[in-house]
Each structure stands twice: as C-alpha cells, then as structure tokens.
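A, B, C, D and E are the chain letters, set down in written order, and residue numbers restart from 1 in every chain.
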C-alpha cells in the first residue's frame, strides 16, 4: 500500500532543483491556475482543504489568512524555514530537493493574502539549502514567476531569503518576525497577532515551508483531493522523518493514518531497528512533544491521537528512536540541555526553569541524582507551564512535555539508576559540578 | 560664778547647750545607724568606707551637706523657702527642753531638776511645739512652687491633722491617769511597784494606748509606713524636692531629731522615763551624780530602743496608700483611743485609775471589741474597686483612683 | 484593643479574719527582717565588697558588653547590613557602611559605634545579625569616666573580641535555635530529614 | 566570585582606528536596505556579511554597522549576543560544528566530538593554535537522517564515525560545497581569506559558569 | 468607563487601560515586575497572570480562558470578569517566585534595595522559605555600566524596565539585554556607558537591587528614612520629588508620580543637585553690622530692629529710595511676605526679581522627540519659581524693575536702602554687578545661603535656607502652583526664611505655607488652591 508521494515526488529526480525539470514535471501550473482565481477564492479553497499548519501547532492555514484585516494596504508573507527542532529535517529535504515547489507555494500564498514581499526565513545552518534556494529564486525571477506583474496577472511579489543566526526560538512566528526586523528573537506578546500587526507593524502571514509546499498541489488537484487523504481532522499528505538506529532513517511522505510503529518498522519507511537493537522509546514528533514507550507505539501519527498518550501534539512528526543501549538519563540531559540553551530568556518560568532542570539532569547523568529529583523535575515541569501554558510562546510548554513524559514513563529506570549510585556520590557531584 | 553653774538656771543652760550638741551628733549617728540597720536587714554591709565600720560616715555626710552648692531655684518663694527648713529644724530641737533626763540631782546641797525646763504644762508645750513642725513642711512645699512638693505638703497637713487626734487622746489618757501635765511628775508617778516588783509604768496599764501612741508618732515623724509626704516614687521627694545642701540637711536632721524627741516622750509617758525597776541608782531617791548619769543612760537606752524599732519597721513594711492611711486614723485609731479615754475617765470617777488590773482589763476589752469589728469589716483590702477586671482592663468608664482622697 | 472575650475576670480570694487584720503578717515580716539583721550583725553579710572581692563565677548567658567578631582572616565579620541598628530598641547602634576593600565581600562598616550607656542589653542585635558578627559577652564590669568614653567604636569592639575570643556566648537556644541557623545541636540533621520528606 | 565590578565604561575600540569595514562590505550591506521596511532589519544580513568578510564581528565593526544602520551600537550587541552564530572574537579558518541533537547522540555523535577534541587538542568553543579550526557544537543541524553529522564551515559531513575524523581533517577540501555558492552574503575580495584566530579563546568572554 | 468584575467585585475603570492597571487602581495589590505604567508592555515576568473570561473561540460565549492570562497586557473590556484570588493564580505566583529566587544571591543584608525591594516583598508574600535547588547558583558579574548606576547582574530579574526606559523615555538606547536564556544579562556596549541626563531613573524603576545608585551606595538603609514630599528646585519644570532624609541629612531625592509635570521621572541634575544644602560654607546666623563692629543678632529681636530701621530710613530719605530684589528661588509665600513688608514700609519702593539662570535650550526626552512624543522635559530656566515671583511682583504693583534696571538705577545712587535676596545654589552675583551695587546703600539687607560679595558691607546678613528646609509653593513654567513641605531642619543658628519673613511682615505665630496662601488668596485667587501631586501609588515605583 505504498503511498503515492506528492510533496516528495521530485526528490531523487535528476536536476529536480532546476526550474527546467520542475516545470517539466508539471511545476508552476498550479500557480497559473491560481492567478486566474480571485484571492478570496484561493483562501476559500485552502480553508476547504483544511490544510493544517505543518510547523508543529497545526493551526489551519486558511483560517490564519482569514484573520488579516480587510482594509490592509501592505501585507507581508514570512516563510518559516527555521527548522530547528531536533530531529526534524523534512523542510530541509523539501528545500534541498525541490526548492521551486516551495517558491510556487509561496507565490500562491502571497497571492491569496495579497502580500507584496515574501521573506523566507532560513536557519543559518542550512548553508547548502541557502545556495540552492537562492539559485531557484533567481531562476524564478528570471522566468517571471517572481517580481513585478507575475505572469501578466498584475500581481507582484518579491521573495527574499533572510538567514537566521542560530536560535531555535526564531522558529516561533513572532520570534521570527523580530529576527527579521533585526532584533533579538524574543517572541512578541499576543494579541496583537501577526495577522494584524506583524513584521514592521504590518499585517503578516507566517507559514511553514511544508505547509506552503502543499499549496500547489491543493490548487492543482482541488481541496476535495486533499481532504480525501487521511482522517478528517488531519487531511493531506504529511512528511514524516525517522532517525536514530533504524535501518532506513529518512523523510517519508504518508497520509496521517500511519502509526508510530509503522513509521519505525515498516519496510518502506523506517525499516526496523538497526543491527537488531531493541527500542527503548520513540520521541515521535520532535523533542518537545514527549516520548513513547515501546508499548505505546501504536499511536496514530495525526493531529489528535498524541494527546491520548500524554504528548503535546503531533509536532513536526519527526520520530527519533532510542535504543536500549542508551541511558535514559542521557536522553533527559540532551533534551533539557537543548531547551536550556535555546530558551530566549524572556519569561521567568522558561528562563529559570529550563536552566534549573538542565542542572538537575546533568547532575543525574553524572550519577549525582537524588531520590527527590524525579518529583522535583515533574513539579518544576508543571510549574513552568504545561499546556495551556503560562509563557509568551510555546517553548516553555515544549520543554516540559519531554521531561514529564520521560520522568513518568521511565521512572523505574531512573530510580534504579539513582539507587545504584555509589555512596556519597551526590555530594561529590554537587561539589564537582558546582 | 560657780553659784550659777550649780543653780537650776545654770544646769538648764548647760544642759541645753550640751543636749543640743549631743543631739546633733546623735541625729547624725541616727542616720548612720539607719543606713547600717537597713544594710544588715538586707544582708549588706552598709557604710564602711569612712573610718572603721564607716563610723565617720556622718561626718563625711555632714561635711558634704555643708559644702555643697546652695542652690535656690528661681521659681521659689525665697523667704518662705529659706524659712521652712529653719522652722522644722528649730522645732525638732526645742522640744527637748521639756524632757526630764535624770530626775533630781543634789548639787551643792540643792536638788536640781536635770531638765532644761520643767514647766507645769510640759506636755502641752511638747504637743504645741511639735505640731508647729508641720508648718515647716507645709511652708517648704508651698515655697517650692512645684506641684509635687505641693502635693507633699498637702498630704503632710492632712496627715498631721489626722494623727494628732489619736496621739493627743493617748496622751490625755496618761494625763488623766497621772493627774499632771508635768513630765517629771508623770515619771515620778511611775516609779512605784505593784505587788512589790511590777513597776507602775503606764505601758502595763494602757498597753493599747502605748501601741497607738507609737503608731501615731511614726506618722507624725513621717516614717514608713506613713511617709506618703515624701514618697519618692510618687512625689519625687515631696516637700523637699527643691531643697539641697544644708537646707535639705536641716530637714533631714529635723526628721531624726523628731524621732528622738518622740521616742523620749513615749519613754517618759509609758516606760517611766529614766526609771529602771529594781536598780537602786535609778530610783527616785537616788540623786548623786552617778545616779543621774545612770538615769540619763536609762532614758537614752529607752529612746534608742524606740528608734531602733522605728528603723526596723521602716525596712520591713511598705508604705500605706494615702486613703488607707487616712482610714486607719479616722476609722481605727480614733475610735479606739476615744474608748480608752472613756475608760480612763470612768476609772478616774471610781478612783481606781492608778490600779493595775482595771485599766488592763479595760484595755483588753477595748482591744477585743476593736479586733472584732476590724475582722468583720467588709472593706476592700486591695487597691482595686469592686467589679474591676483583674486582667486587661480596657473596659470603658472605669478608672482607678490614685492615692489622693477625694 | 483587647477583645472582651480575652479578658479573664478573676474573683479576689476571700480573706480570713486574721488576714484581714494584717497583724500576723506584719509581725511575720518584722520577724524576718530582725532575723536577717542579727544574722548580718553577727556573721558576714551576703554581699561582697566589689572590687576588692570578686566572685569566681562564669555567667554564661549573661548579656554584657558587646563584641564585634572577626572572621578567619582577622577582618571584621560585620557586613554593615544595619540589621542590628534596625532591631535595636534603644537606638544605640550607629553604623556607617562602605564598599569593602576585600575581593570576597561587598560591604563593610567604616564606623560601628555602640553607645553602651544607651544600650539595654536585650540581645536583639545578636539575634538580628545575619553573619553572627555582633555578640554580647558576659563582660559586666563596664566603666568609663565620660559619656563619650562609653560610646564604643569599631576598634574597641574588635578589641573586646580579641580579649574574649575563647568565650562562646551562650545564646538562648529557644530563641536562636530556629531551623536554618544550625546553631542548635541536631539542627542540621532535622534539616536533612525535612529535605528527604 | 569577586565583588569587583567589570568595567564596561572604558572604551574597547582604539581611538582614530581606521574603519574596519571596506567599501565593498558597506556597499553589500546597503544593497540589503531596499529589501526591508526599516534599515535596522538589515542587521542580520549585515552581520553575516561582516562575519564573512572579517571572520568574526569585532566591537568596532558593530559600531560601524550601527552607524550604517542608524542605530545604537548597544542594539547591535544585543542582537549579536542573542544568536549563537556570530563570533565577537576571531575564530578559526574552518569552524567545525558538531551536532549534538538527540538522534546524533543516539548514533554516537559524542564519540565523534571526543575524537575531534583529541585530534585537534582543543575543547569545545576553542580554536586550534594555528588558527585553522574552531570547534563548536550546535543543537541540531537537521541532518538527522545522516546522523551523526557535522558541519565544516558550510559543508555538511554525514554519517561521520569516530574513525572517519582523521580522514576528514586531512582532507584539504573538507569545506568545499558540492553546489554552486551564492555570493549574496559574501563580501570577501578575491583571494582574501578571513582573518584567522591567532590565539585560543573561549566562546563568550566574561563567562564561565555555564556549559 | 468600562465596568469589569475582579474577584466578584465590580470595578469601574478608565477605558483603554489594562486589567492590571485597573486592579491596581481599585486597590488590589497585584504582583508584577516587568509592568511599569510609564513603559511599554512586554508581559515577560508572568507574575500578574490572572484567570479571565474570554469569548469562546467557537461559540463566542464568555467562558473562563483555559489558561492564565497576563493582566498587564489584556486591555479592559466592558463586562469582563477576572479572578485574582484563586488557587491557580496563587500557585503561579508561588512558582514564579521560586524561579525568580533560584539564582538570586539573597544578599539582602548588603543590598541597598532591601526594604523597598519588590523581590523581597513578593518573596514574603508568595515565596517558599527554602530553595529546592541544590545545584550551585549561576553567578553573574557586577558591572560598572556608567557614571551613576552600578549593575548587579546577579540580582537582576530581566524585567527589562531599564532597557525599555533607555529606548522609550531617554531615547538614548544605551542598555540592552545580552545573551539569552538563563544567561541573559543587562549590559551596555563596552565603551558606550549609560550616560544620559536622566539615567538616575533606571535605579528607581528597577524593582530589585540590580541597578543601584553609586552616589547612594551603602550610605543608608531604605527603611531608616523619614521622607518628605517636595518639589525639585533644579529647573522651572518643578518635578514632584520625595526627599529621603534621616536625622536632618538628605541622602537622596526620588521622583514622585505627577502626571501633570514629570510622570515618574526626574533628571540627574535635580536628583543629585541637593548636595549644596550640606555645604559647610553656608551662612549661619543673622548678623548686624554697625560701622566696623559686627554683632550676632538674636532671631527674636530681628523683626523689631528691621522694622524700626526701615521706618527710620523711610522717614529720613523717603520711600522711593527703598528697593528689594526678590529671588526666583523664593517660595511664593516668602516672596509675598517680603513684598508686603517692603510695600508696608514704603509704598513707593522699587521691587525687582533677581537674575534667572538660563541655559541654552530645554532638554526633551526621548532625545530628539518633538511635540506629543515628548515624555520628559528639562527646562532651560534653572530656577523653580520665576513665574511665581513674577506673579507676586505684578500683584504688588508700584515700581517693578527688571534686574538690569535695578542695577543701573542702584549704580546711579537711586536707592539708599535695599533688601537683596539670593538663595541660589551657585554663585550668582557677578563681581561687576556687586561692585556696582557696593557702597550705595545705607541700609542693606542681604539674605542668602552662601556668602556673596555684598555681605561684606551689608547692614544685615540674614541666612537663607535651602528648599529642603523650607515650606511653601512654587509656580512652575506651566503656571502650576505646587506646594512642598520642609524635609529637614535648617542648620544650627538658622531660621526658616518663611518664619522670619512672616514675623517681619508683622504676623505672629507659626508660619505655614497654607496659612500664608490663605492670606494671599484674598488678592491672588490662584493661590487658594494648589496642585497636590497624587500620592505615590504603590505600583508606580
């Protein structure tokens, strides 16, 4: 039952990055079709398709566009290519192999929202992607898909790449906006939402790369085709990443009907564990969603099911498999360290809490755990604001879920590890670490 | 010239001069003993730095009084302010004139009274002069122009007035019994014996009157527990707040002089003065110089005893509150002394005033009745008024009356 | 304001007839004083002649003259936080603070005066001190010829510390022994237990 | 811990120092102005350009950027310090960025980092004495399907095993990209290499309690 | 007027304010760090979170929002329902305080902020007694960031008030947040210190002890002050201030909230301009000079002597030979009393006002702002009461001269009796002017804080008091009449100007500004009512 890839259909095709190959495989046809429609019709179509944002939160893209004030003069489009959530790389795959698909999607979104400029916010570590994408943009300009009066429709759009500089929080839409404005990427308080007052205080739409990549296909094949894929609340094709010690780590396109187990073990997807290793757990949606134990792998990879397993959500649908040989304390430490480093430092809970939990996790990994630490981590995680959250952006919530799920689901292992620590090691570690 | 020294006048003058000097010394040493006694009662040493056992302490004190700066505050009534200690001092000393010190002395073939003066109205003289003493206090308090002093003076006046009544009646009882106002005669009348060995001292006839007289004397001398006049804690010294140096010294000395004279009066009235039973040298007939000397010693001994008791009481009992003090005088002492007076008059009517048993029995009866009423009295015994909360006391409308009557 | 319900009404005890007369009590008292009088007259009074005679006794919890402690390096331990001056009910502590010349400390007192005449020796300063720098020693013979002389400055208070180094003033454990200070024996263990709970 | 205050008043930039940013760089920065509504928004591109030209972003460059963008140098430092990509002090000619994301860690990324440290004899956030390499870690390089991976300048090395490290380091072209580079942010004049660090220094000055 | 319900209590509030502001104004003590009514809202401290009713996204009905919302950021809407007194809200405050104190050094004993520190206050209200963190605290360094303030990064809670102040009020942008996450610190660009004319305010708005004033560092503990409300005499703006003094020593000045004049701010010139009041060289004690002999006068005898001497003089030489120079540093009441005295002695006397110290131009903040955007202004007139004294001179009528004319006339021997008031914190009488005036007057009264050149020949020298020792009112450049209280006693031997002028003018009893203003109101109704700045609200720190 191989899924017919849509988003990834050009991947692996020779020269897929060039406009020539892209056009030859049906590229930019959707754009031509779109430009014949009115912007409102486009928005309606996308609304009908129920295209939920692929960046992690899953907010319907069409609805988001609908928030734009009617009497706006200028509108800006931001393409969120700041893919920083470990272990996610689907956007990279999309932009590296099929940049024109994104550009076409951006133009369609720009047309639908009547934007004048599209900024593609690209994280700085994507050096290759930047060169590829910049080349593609140049090609698109040359071909008249970008710039003044696109294809004679009277619609003009400029597209610029804005490179980030290494900050996870800039993946948050308002953080991204601040970053484009040349400021530190501190997420803004909402309201006002970016749709009302965003980049340069103008109405702004921020969409994920994968979300926009879906647009040409929706416009080409219609919303009904889109909704026919996957369950009603999670329509359309979705890119799933799988990494870690599996036989076939990589990015796969599937409908949101598969389970996590399928993603890891199906032969045409993850392909099962490498070297006969055993699964200890899977972080199914990027680190900030939480962890699944081997028993829970039958979770459906859609927008609704993860909540039943104590997870924050589907996230980026990037699963990383952890094998039995990995110490759960290392996983915990890796996760806390990530959030401690990437917290922007605006909200108190997040700024202090992530650093505190990182200190505790580091200490535990160095065999300095105390018996009360597990409870402490759980409570601190909750105090930092489990959903629905206490802080300006979702980073704080994201930081709490993996910690809570790890501590809850692997408590026995943690306690056993703490019990196995040599006598007096706690004080030693406290002295040494400090 | 020698004639003069052996005459009654010469002896009187000599005695007066001598007594004044001795008295001044005695008064100083009273203070010394007061301090010593208080120290011993309180397990302390007392003055012991000036001379052996501190016996030169009075000299040092006196020197200090004399040489201290004589401050007269600006707000006082100066003449009265200066007059007040002088009156008190003077009165304290001239009372001595009527005290019979040693009976009769055969000197140069004549019998001479060892007494500065032996007027017919000796007792009246003493009473009269002594009550002038309070003028000093009142004047001092008035002149000080200070409300604490004034309070002291007012208290002094009220207290003197109240306590002179039972005192006078007590003395009257003795006078009725003895039939004389001359102190020498009163003394002589006590030199007989009942049943051959019990001296006919008035203390055995009227013990109750003796006790009451002693109590009133305490009050008259402003001694504790009746020293509300100068209560330091309430009145910052009362009438002598503004006094310092020698003027204060005069008040101070006068108080002790007062104690000595009062003691002498009690000794004469109730303890037979210079008479000491069974020792021939102290009897009426012995008039040699040795006998006189011995008699003087006897009366001095009696005086010393009373002074000691006064000091003893001072360092034992706390001060009365003013209303208690007044109540004692008017509701306690005056009725009792009046009863005794009636007793004495009745005995006089039946001619048995000098007997031993009748007065004694009468005394016991009066005492019994007095105790009966005292024990039955329903008066409040504490400072609190009825119905006043014992703790807290924030309730409205209730006030605690302070020591001032009214 | 005291609530009426907090007021306890006590009935006066009824006096017996003899008590009402007060005479037995008076004589009882007279007896007591005369007994002491003769005891002192014959024997030796209880008091001693200070300063010739001084009793040999260590009053460990006596609150006498203050001292200003030094830290391990011999510097004044005080951090000039003014807590003692704030706690002082007699307003007898005067401090002037400044930036400390030492690398490990923020603030130190340039002046630290205690008016020993104003002081009521209540020990509040000791309780208030967060660094245990001020302590009351058992020293009780405190004399001076002028008021100025009785205002002890920092050097004087430190000198008292040098003299009384070996004495560990015993503070009232009921006051100072609250958890967290570690002064009280066993306090740290309790702390630990609390953590484990 | 010292109570001595860090001096932030004394100037760190030499007086009368010649301008650090060449006209090429300035022109390049100016070319970004039309892209944005405000001049300030060109800050990140400007920093990229300067880092590319100078190898790092020294304080003087920040001041000059601030003048160019008409903002206060403090705003520039604010932004520079927020992002991990910018170096305020010289870095090595080639920066090795090791991914320490969870998938790389599971696949043995820590071993690669250890091997790199051993072979280069430097620690994290340090530069080799010859100024050739600097070693840093990054939270995720989004190359999880090729874990463990590392970045040498712009080139992503995939599936690096500890035993590959020596080979990679020996390769002269280990930072060469397979795709044609865009010169949008490049302001290096021909043949000029970015100034290399001459001494070891820590990642961020004035700190030492973290990590 | 919007009506909102807080904790089941209906509250009326101004439109356009936030829920936090409404709650604070209605008397709720809502904890907050990052919110400051004078600055933009960042909602980053997360302490003021409340439960709120929001329209449900689907049904549109009002329902409790699923999460706590920052009250500092949510504008009030009519009919809004919020809950502050609830377990969830309290729990958040408790947890937040734990996070705030995690890396806080807890060095309150040596921190100058102790006593007025919101970290302390909230910690007492919501905090835990012990930290659950056993790991070592992150210690951030102490930084010397400018000539006035000192930054203790380890006490900082990153509320970013100071950063916003430099960006929004001073417009100088010196401060920024450096690094990110738990390593965030406030910092300046090295070599570009925080150095602007209003920098002292960052110390005031810092809710914790992170920014401290070097001038005040370690001088005193905050709870020892007995403050007095006053008006800054530094310039004609007349900012509302609070004088913090203890035992007659002024330690610092703090701004007082006054929306009509200075909002929450004062400038450094005013803030640190009080030092002269403790100068040793001040004139102490009144002096009478007869020929070569100099006598110290008793204050009691001064009114009689002065009145007698002036009367005598007027009888001898006529009233038009009398002149008085009033100082723009005088309170209105003092100027009125002196004017009244002179007019009573000699109705034809000439009155003048002393020189007004001027700078080139007003300073406006944010730097470069114009019109509506101006948030704070420093006047170029460096005296507090030019307008007040002018108004009084105008009311006094008769001969009123400009200062230059007065000098001119005095130089031409027009006056033989003069009363000259100084009271300037800086030397004001130029040598040339003094020379012109010298030797002209038979009866010369000089009233000044510091010795000036005329004192050597003055018949009477009367010591003046600084404004901190006086009481009265100033009329600021906009014509607002603002009263101020005395904060400290004058130095030994000096009497308050108001008091002796009161007596000299023929009144008995105690001088009080209010009493004199009542007298003044008869002819100058403006003085019947003075502008009282609102009491410093707890939240406007």
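General remarks:
Going forward, contacts are C-beta pairs under 8 Å (C-beta built on N, C-alpha and C of every residue); 3 or more make two chains touch, one makes a residue touch a chain.
Keep in mind that this is a model prediction, so the values were computed, not measured.
Listing every chain that touches chain B and chain C alike gives an empty result.
A summary of chain positions shows that the Cα centroid lying nearest the centre of all protein Cα atoms is that of chain E. Ranked by the number of C-beta pairs in contact, the top chain pair here is A-D. In this assembly, the chain whose C-alpha centre lies farthest from chain C is A. Note on chain placement: the centre of chain A and the centre of chain B lie 111 Å apart, centres being C-alpha means.
Our note on geometry: chain B versus chain E, Cα centroid distance of 75 Å, whole angstroms. Note: centroid distance chain A to chain D, computed from Cα atoms, is 25 Å.
Residue positions 1, 3-4, 75, 78, 82 of chain D each touch two or more of the other chains.
For chain C, the set of residues touching two or more other chains reads 106.
Residue positions of chain E with contacts to 2 or more other chains are 136, 138, 177, 179-180, 182-183. Against chain A, the residues of chain D that register as touching in their complex are 35-38, 40-45, 47-48, 69, 75, 78-79, 82-86, 97, 100-107, 138-147, 151, 153-156, 177-182, 184-185.
Partner chain C is touched in their complex by these residues of chain B: 37, 39-45, 48, 312-313, 315-317, 371, 374-377, 381-382, 384, 389-395. On the chain E side of its complex with chain D, the touching residues are 136, 138-139, 141-147, 150, 172-180, 182-183, 187-193. Residue ranges on chain A touching chain D, taken from their complex, read 83-89, 91-92, 117, 123-128, 130-132, 134-135, 158, 160-168, 179-185, 199-200, 202, 241-245, 249-251, 283, 287, 318, 320-323, 326, 330-331, 334-335, 337-338, 341-342, 344.
Those residues of chain D that touch chain E in the shared complex are 1, 3-13, 59, 62-63, 71-78, 81-82, 204, 206-207, 209-210.
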